[in-house]
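Below you'll find the structures, each written out as C-alpha cells.
Consider the two complexes below, in which chain A is the common component and chain B and chain C are the respective partners.
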Partner chain A sequence: MRAKLLRQPWVYSFGAALAVWLATIAYTHGQGAGAILTAALSFATFTIIVGLGQMMVITTGPGNVDLSIPATITLSGAVAMKVMDEDTGRMAIGIVAALGAATLVGIFNYGLIRILRIPPIIATLSSSFLVLSAAISYGRGIRIKPPEPLAQFAEAQVLGIPIMAIAVLALSVAMAVVLSRTVYGRSVLAVGQNSRAAWLAGLNVGRTRFLTYVLSAFLAGVCGILLSGFSRGAALNMGEEFLLASIATVVIGGTSVAGGRANVPGIWGAALFMYLLVTMLNTFGASAGIRLILTGLMIIGVIVAAGGEEQR
Partner chain B sequence: MASEAIRLDGVEKSFGAVRALAGVDLTVAAGECLGLVGHNGAGKSTLMHVLSGNLTPSAGTLAIAGKPYDRQWTAAAAQAEGVRCVFQELSLCPNLTVAENVRIVHRPLKGLGWKGRARALIRQKLDEIFPNHGISPDDEIADLAIGQRQMAEIARAFTVTDGKLRLVILDEPTSSLDAVSAQQLLAYVKRETARGAAVILISHLLGEILSTADRIVVMKDGKTVADRKASGFTRNSLVAAMGSEAREHKRGAARMAGAEVMVSAQPRSGGTAALEARKGEIVGLTGLAGHGQTRMLLQIYEHRQASMKGALAFIAGDRQSDGVFNLWSIGRNITTRSLAALRKGGLIDLAAEARLAGEWKQRMAIRTPDVNNNILTLSGGNQQKALFARALASDAAIILMDDPMRGVDIGTKQEVYAMIRAEAEKGRTFVWYTTEIEELTHCDRAYVFRDGAIAASLGVDELTEEKMLQASFAEHTA
Partner chain C sequence: MNRRFLRQALPFLTLAVVLAATFYVQPRTMSYFGLNLMLQYAVPIALATIAQMFVITVNDLDLSIGPFVGLVSCIGATLLFDNPALGVLALLAMIAAYGAVGALIHIRNLPSIVVTLGLSFVWLGIAVLILPSPGGKSPEWLKAIMNVHVPYAPFPIIAAIVIGVVVHLALMLSSYGVIARGAGGNPKALSRAGWSMLKTKVIMYMLAGFFGVLAGLALLGLTTSGDAHVADRYTLYSIAGVILGGGEFIGGRVSPLGAVVGALTLALAGSFLIFLKISPDWQIGAQGAILIIVLALRALVSYGEQKR
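So, the complex of A and B:
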C-alpha cells in the first residue's frame, strides 16, 4: 500500500508543498498557519485552472505546449471587464463574450498549427503577441472594476476555504473523469503516446488536438474572468506569471513531458507548492534575487525526486 | 576450378530467435561471377554482411585464398583483403563530393594532391564502366540522381589503389539503374572477372543472373539449396529451386464469387488493375517487399480512390511505431478501437471495458495473468495478439493487415491463422499483406504487386510460391 502510494507521481508535489508549509509555520511559530493555507488555496486555484488546460496540451505529445495562456488570460479579463462595465446585469453577457474570445484564440492556435503547419511552440508564442496586442488596444487606458457579485464570488470563503477552490476541485474531478472515461480523454492519452498508432487504431487525431487547444484557451478565459474579479479589475500584465506557472505545475505534478500520461492531483500539489514556496521565502525575508534562485532550485529538486523512477 | 578467392564454412547467424543463416558453405573462385538468388528473407543480405565483415557470425569459419583467416574478420579486415561491397541501401556520404567519398575507402590517397588523384581514379573507373555517365568527381552526392549515385558507388567499389581487388559484392546493383547502364555494368562485370577478380551478383532480375553469372547459388531459409553452373539452370528451374513444393489447398474455390464486394480500390502508385475483396474473403497482397502493398493498405484506410462497405480496422506489423501504446495496460490497448461502442450515457463503461478485454484475452490466448499489466510485460508475439484482439474486438467488417506476423513465433502464428479463418467464416473481410509466402496458403486469393501496381491476381489454385515469384520477377521487356 505504502509502496503503491509512493509510486504515484503526485505524492512528491504534495509532500513538497507540505514540507514548505511546515517550514514556514515553524519559522513563524505557528502564527498564521491557517491564513497561509487559505491564501495558498485562493492563489493556487488560478494556476490550477490554466494548469489543467496546459496538462491536456502537453499530454497530446512531444512538442505540444500552449504559450498563449498568459495573453489569453489578459484578453479574457479585459473583454469581461469592458463588456460588464461594472454593471451586474451585464455579467452574463460579459462572461460569454470573454469565453467566446478565449475560444477563438484556441481555434486560431490550432489553425496555425494544423493549416499552416507551424510547430505549436512557435504558433502559440506568435499568436500570444497578436492576442496581447488585441487586449491592449481593446482595453486601452481603462481601469474598470468588476461587478460586485463577481468580486464577491472570487473572494468568498466557507470555513476558511475559498468557494472558488471548491469549484475548481469539482472542475479537476471532472477533468480526471474526462481523461479516463471519455473517448476524447482516451484519445488525448493515446495520441500523446503515439499519434500514428492512435490514427491506425481508429481515433480522430486531428479532432483530439483541436479540442485540446480550444479547451486550454477556454480555461485560460475562465481564469482571466475570475482573476479580474479577484484582483478588482483587469490589468495588461495579469497573465504574465502564468506562463512559467502553468508549465511548471504540469511538470512538477508528474504529467509526462513526453506525452501520454496526465496527472490531475499533481497539478494541485504543484500549484500549492509553488505558492507556498514563495510565501516561505518571503517570510524568511529573502531578497528577490535569492527568492528566484531558490525557487528555481526547488523546482528542479522536486522534478528530479518525482521523475527519477519514470526513466525507463 | 580456378583458385579460391574466399570461402565460408558452416556460417550461422541468429538475431534473437530468428535464425537468418543456418550453416552456409560458400566458395567463390577467383575470376568467377557467382549469382546469388532467393526470396526475401532467405538470408542473402545477411550472408553478404558477414562476408563484408559488417556482421560477426555466431559460428563458422572464413578462408582467404585457401588460407584460414584466424583473426577477427571486420569491415576493415575485409577492406584490407580486397573485399568490397555495394549494398542495396547506398552508403555514400551525401554531403561529400564523389572524389571525397573515394578517399574514405582509400587510405593511401593522402598528402598533397590527394584530391586530384582521387578525382582521376574515380573518373577513369566511371568512364570504364559507364561511358557517358555525366558525373563529375566534384559533384556532391546529394545533388546526384539516385541512378548516378548508384553508378558512383559501384565505380568506387572497383577502384584500386594498393593491394588487389579480390571480391566485389553487388547487392541488387541494377535496381536504380536504367536499362543501358545496367547492360554496361553487366558487361563490365564480365571484363573484370576475366581479369581475375571475383564478383557476387545478387539480383531479383533472373535474366541478369542467368546471362552474367558463371555459377548460381540459390538460398532458402538461411541455407543454400542449389549450387550449379549457370548453364545448368533455366528461368523456370531457377524459380522452382527458390520456391517450395506446391501446397494443397483447404478452401473451396469460387465459394466467394457471389458474395458482396466489400472493398474495391485502385492503387494510386501505378497500374490500372484494381483490388476487390468480398465479404468473408481473405485476400492476400504479395510480391517482393516494398512494392506498394503497405501503400495500398493505407490508401484503403484513408478512403482514397477506394470504396468500401463497412468499418475498417488496421493491424500494424511494426508494433512499436504503428501499434502499441507503451504506457497502457494490455486491456486498454485491446479496447482502444472499441471505445465509442463501450460508452453508456456518454462515459466509457469501465465494467464493460474490462469484460471485453478479458474476453479477448481468452479468445486470443494472450499469455498474461492480468490484463491490467502493462502491455510491455508481454512478449512480442503476445503484443501482436493484443493488436489482433484490438481489431477483432471492434465493429470493423474489414480488417487490413500490414504484414502482422513479423517476428512472431510459429506457435502464435498458428493460433492467429485459425482465428483469422474463423472470423472470415463469420463474414469478415481480410486484406492481408504478407512477406511470408507460406501465409498465402491461408488466403482465398492474392494480388501480386510490382512497382506499386498490381501485376497479377492469383486464384485459389494458383497460390504457390512459384506463381508468386513468376509474377514478381516478370522482366521489363526493354
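So, the complex of A and C:
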C-alpha cells in the first residue's frame, strides 16, 4: 500500500508543498499558519484552472504546449471588464463575451496547427502576439472595476476556505472523470501515447486535438474573468506569470511531458507548492534576486527528483 | 522550380521582401547610415538566435536565453569593467554552467522546456543581485567593436555574414557537425554507432552558452550600460529567428545561414512597422502576423513537395 502510494507522481508535489509550509510556520512559530493556507488556496486556484487546460494540451503528445495562455487570460479579462462596464446586470453578457473571445483564440490556434502545419509551440506563440495586441488595443487604458457580485464571489470564503477553491475542486474532479471515463478523455491519452496507433484504431485524432486546444483557451478565459474579479480590474500584464506557472505545475505535478499520461491531483500539489515557496522566501526576508534564484532552483530540483521519462 | 530549393530560398526571399518594403516606405533608409542604424540590434539578436539553434539541433528548446543574455550584459557592465580577469572568469563559468545543464538534461532525460524555464529565473535572479537597477558601464573596447565603421558595407551586415558563414562551416560541413545534427535526427542510431550522446549534448549546450555570452557582450556594446531585463524578449526572438530561417523543431534540421537571415528579418520588421506608423498596440501583433505568413508560405511549398 505504502509502496503503491509512493509510486503516485502527485505525492511528491504535495510533499514538497507540505515541507515548504512547515518550514514557513516553523520560522514564524506557528503564526499565520491558517492564513497562509487560505491565501495559498486563493492564489493557487488561478494556476490550477489554466494548469488543467495546459495538462490536457501537454498530454496530447510531445511538442504540444499552449503558450498563448497568458495572452488569452489578458484578453478575456479586458473583454469581461469592458463589456460588464461595472454594471451587475451586464455580468452574464460579459462572461459570455469573454469566454467567446477565449474560445475563438483556441479555434485559431488549432487552425494554425492543422492548416499551416506549424509546430504547436510556434503556432500558439505567434497567435499569442496577435491576441496580446488585440487585448492591448481593445483594453487601452482601462481602469474598470468588476461588478460587485463578481468581486465578492472571487473573494468569498467559508471557514477559511475560498469558495473559488471549492468550485475549482469540483472542476478538477470533473476533469479527472472526463479524462478516465469519457471517450474524449481516453482519446486524449491514446493520442498522446501514440497518435498513429490511435488513428489506426479509428479515433478522430484531429477532433481530439481541436477540442483540447479549445478547452485550454476556454479555461484561460475563465481564469481571466475570475482574476480580474479577484484583483479588482484587468491589467495588461495580468497573464504574464501564468506562462511559467501553467507549464511548471503540470510537469511538477507528474504529468508526462512526452504525453499520454495526465495527473490531476498533482496540479493541486504543484500549484500550492509554487505559491507557498514564494511565501516562504518572503517570510524569510529574502531579496528579490535570491527569491528568483531559489524559485528557479526549486523548480529544477523538483523535476530532477521526480525524474524524467525512461529512455525510449 | 525545384521545391526543395524554393524552401531553402524562402528565408532569403522573406528578408528581401521586408527590405524592399522598408526601402519603399522610407527611401532614406537606403543608405550606409540608414542600414547601419536599422540593423544595429540585429547583431546581438543573430548571436542569440545561433545560440538557440545549437540547442534546437539536439531536439531541445532553450527558454532561458533571453535572461541569460541580460545577465551577461550585467556581468559585462560591472565585473568585466572593474576587473577584466574576474569578468572573463565569470563568463567562462557561465558557459560551463550551460554545459552542466546540458549534461543534467541528458543524464536524467529531463524536459528541456521546464529545466530552462526554471533556469531563466536563476539567470534573472543573479542579474538582479549584481545590478538591482540598470547601470554600470560597458568596457571601451566593446563599444569600439560595435561602433566600428567598415567602408562600403555597414558593420551589422558584415558581422551577420561572418557569423552565419563561420557557424555554417562548423555545423554543416565539418564531420563533427554531422554527428551533432545526427544527434537530433536519430540519437539512438548514433549512440549505437559509438558516439557519446552525453558529450554531444554538452558541447552543443556550451556552444549555446558561448554564443549567448557573445550576444550579451554585443548588446552591451550597443546599449553601453547593463540591465537585467534588457533581453527578456530575446527568448522569443531567437526561437522565431531559427524557425523563420527554415529550422525545424525536431530531427536536427537547422540552417545557420537561415537563422542569421531570420534574425535580420525580425530586426528589420521592427523598424519597418515603425515606418508604417502602425499603432504601438499592434507592433507585437504585426510581428506575430509576419511569422504566421512566412510559415504559411513554407507550408504551401512543403505541401507541394510531399504531394509529388
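Heads up, the rule we're going with is that the second predicted complex is superposed on the first by the 307 of 312 C-alpha atoms of A that agree within 3 Å, B and C clash if a C-alpha of one lies under 4 Å from a C-alpha of the other, contacts with A are read in each partner's own complex, and residues count from 1 in each chain.
Please note the rule applied: a contact is a pair of C-beta atoms (placed from the backbone, for glycine too) under 8 Å apart; a residue touches a chain by one contact, two chains touch by 3 or more.
Just so it is clear, the structure is predicted and the values come from calculations on it, not from any experiment.
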With both structures lined up on chain A, is it a clash or a fit for chain B and chain C?
fit
Scan A:70 for contacts with chain B and chain C and give back first, second, both or neither.
neither
Have a look at where A:269 lands relative to chain B and chain C in the superposition and call it first, second, both or neither.
neither
Touch check for A:112: first (chain B), second (chain C), both, or neither?
second
Chain A residues touched by each partner, larger count belonging to chain B or chain C
C
Could you tell me if A:94 is touching chain B, chain C, both of them or neither one (first, second, both, neither)?
neither
Considering only the touch criterion stated at the top, classify A:196 as touching first (chain B), second (chain C), both, or neither.
first
By the touch definition at the top of the document, which applies to A:253: first (chain B), second (chain C), both, or neither?
neither
Just to be sure I read the superposition right, which of the two partners does A:177 touch: chain B = first, chain C = second, or both, or neither?
first
Once both structures are superposed, the least CA distance from chain B to chain C in Å comes to 9
Interface residues of chain A shared by chain B and chain C, listed none
If we count contacts the way the header does, which residues on chain C are in touch with chain A in the complex?
61, 104, 108-111, 113-115, 117-129, 132, 236, 239-240, 243, 249-250, 279, 281-289, 291-292, 295-296, 299, 302-303
List of chain B residues in touch with chain A within their complex
301, 312-314, 316, 321-328, 332, 336-337, 339-340, 343, 346-348, 350, 390, 394
So in the complex, which bits of chain A are touching chain C?
63, 65, 112, 115-119, 121-122, 125-130, 132-134, 136-137, 140, 244, 247-248, 251-252, 257, 287-300, 303-304, 307-311
Parts of chain A lying in touch with chain B, wherever the complex brings them together
177, 180-183, 186, 189-190, 193-194, 196-198, 200-203, 256, 260-261
